[in-house]
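Before I ask anything, here is the structure I am working with.
In this document, chain identifiers A, B, C and D correspond to the written order of the chains, with residue numbering beginning at 1 in each.
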Amino acid sequence: MQVRVQSEPFDAGAELNGFAQGRTDIGAVVSFTGVVRDTDGTLQEMLIEHYPGMTTSAITKIVEEAVSRWTLADALVIHRHGPLKPGEPIMMVATAAAHRAAAFAAADFLMDYLKSRAPFWKKEITDQGADWVAAKDEDEDALNRW
Amino acid sequence: MQVRVQSEPFDAGAELNGFAQGRTDIGAVVSFTGVVRDTDGTLQEMLIEHYPGMTTSAITKIVEEAVSRWTLADALVIHRHGPLKPGEPIMMVATAAAHRAAAFAAADFLMDYLKSRAPFWKKEITDQGADWVAAKDEDEDALNRW
Amino acid sequence: MNVMYFAWVRERIGVPQETVETEAATVNDLIAELKTREDRYAAAFADISALRVALDQELSDFDAPLAGVREVAFFPPMTGG
Amino acid sequence: MNVMYFAWVRERIGVPQETVETEAATVNDLIAELKTREDRYAAAFADISALRVALDQELSDFDAPLAGVREVAFFPPMTGG
């Protein structure tokens, strides 16, 4: 189990290849990569603020919950903070399990909880100014699935 | 959209990094990697047979269905055939979408359909002999989710 | 008509493919005809519920007509992924 | 007691953290006290339903007691992932 909170970029492909490598008791690896989206082509930068004293422990608790619910062989979360450009990876989750259903469910669960329970806040700087990204009701509702 | 059926190994990390690269209209990339599992430590080799005339077209139809159901920005399927060793990647799926729910659902759908509708058959060679892997009822049932 | 066999169906029948001359109207008719030919066909087709069939590389049904079909493939349920 | 602010709460209040001397029994009491101090607090805490609170780095409720708490953090709903 690995949790990393960092401002530096990470190499999602290298992380995927290093994850659960050489293990022969797993049949399924699922990864999720969150990318800075710029649908309208107006985004200059995304600024991610976080709560350093709380971030790693909050994510670790979420990952421990996932590992125990789905008997994962391994789990990984990397989350960046600071300024990011459109197209850059923001964060990544990976899960490894014997079977695909557990790996998919655990990754989906991790994303839902990281979205609404990990102390990060996103600010978008566009041509028109700067705005904090508002949390969506559907993201809060998604937690009821689990 | 990319579909590759091959006997050669592939580099899942390099594929993930090359997938949907530089696109700023996507926010979510999900990948699934299927790995040769050897729970008991008795597996010598997994042999994957396929139906060359049908494989690529069958997978392509499944991917087209996923792309249209979830408006994916991109989708990738790589599936190997031939002899594989424990711990080796068998296949990989990747999906890219604006939002995470679509990327997760499409990857999950692709795996369910590839499992039961792509013409591959697995044979396990163990210390005790060789056996064809039987399809599971739960895999056929999984198709009813979609 | 080109008839193909995969996985344990291929192993039981002993060849991966063969040309079959037949007037069978449906897949079921073709199977019935093959089963009378030799024991190895009877063994391979003993339990149809354990088999799947593709006509010209498309999954199909056992009661599907064979008119115009060039390639029939028999195999167990797929185990991809 | 160390009080921290994040995202637009931090921007409205103007500092990321400060030491607050208070006898407030609960988070709600602390907020009521801060709101009387200066307009910027009144602005930041105008709509409590738009805020979340953590006590000693654990998400908590606005009616939670502050006894023994060393760090209180106020912020909008999280937008991680």
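What we mean here is this: a residue touches a chain if its C-beta (ideal position, glycine included) is under 8 Å from a C-beta of that chain, and two chains touch if they have at least 3 such contacts.
Since the model is a prediction, treat every value here as computed from it, not as a measurement.
Asker: Would you pick out the chains that touch subunit B and also touch subunit D?
Answerer: A
Asker: Measuring between Cα centroids, which chain is at the maximum distance from subunit A?
Answerer: Result for the farthest chain: C.
Asker: Just the number, please: Cα centre separation of subunit C and subunit D in whole Å.
Answerer: Spacing between the chain centres: roughly 72 Å.
Asker: Hey, how far is the Cα centre of subunit A from the one of subunit C, in Å?
Answerer: Chain centres of subunit A and subunit C, defined by C-alpha means, are spaced 48 Å apart.
Asker: Please compute the C-alpha centroid of subunit A, do the same for subunit B, then give the distance between them in whole Å.
Answerer: Whole-Å distance between the two chain centres: 23.
Asker: Find the geometric centre of each of subunit B and subunit C from their Cα atoms only, then give the gap between the two centres in Å, rounded to an integer.
Answerer: 26
Asker: Any chance you could list the residues of subunit B touching two or more other chains?
Answerer: In subunit B, the residues touching two or more other chains are 34, 100, 111, 115.
Asker: Mind pulling the residue numbers of subunit D that touch at least two other chains?
Answerer: Residues 81.
Asker: Could you run through all the chain pairs that touch each other?
Answerer: After working through each pair, the chains in contact turn out to be A-B, A-D, B-C.
Asker: Over in the complex, which subunit A residues touch subunit D? Could you list them?
Answerer: Listed in rising order, the residues are 34, 49, 51, 53-54, 57-58, 79, 90-91, 111, 114-123, 132-135, 140.
Asker: Flag every residue of subunit C that touches subunit B in the complex, lowest number first.
Answerer: Residues in contact with subunit B: 4, 6-8, 10, 54, 57-59, 71, 73, 75-81.
Asker: Tell me, which parts of subunit A touch subunit B in their complex?
Answerer: 11-17, 22-39, 41, 43, 86-87, 98, 100, 103-104, 107-108, 111
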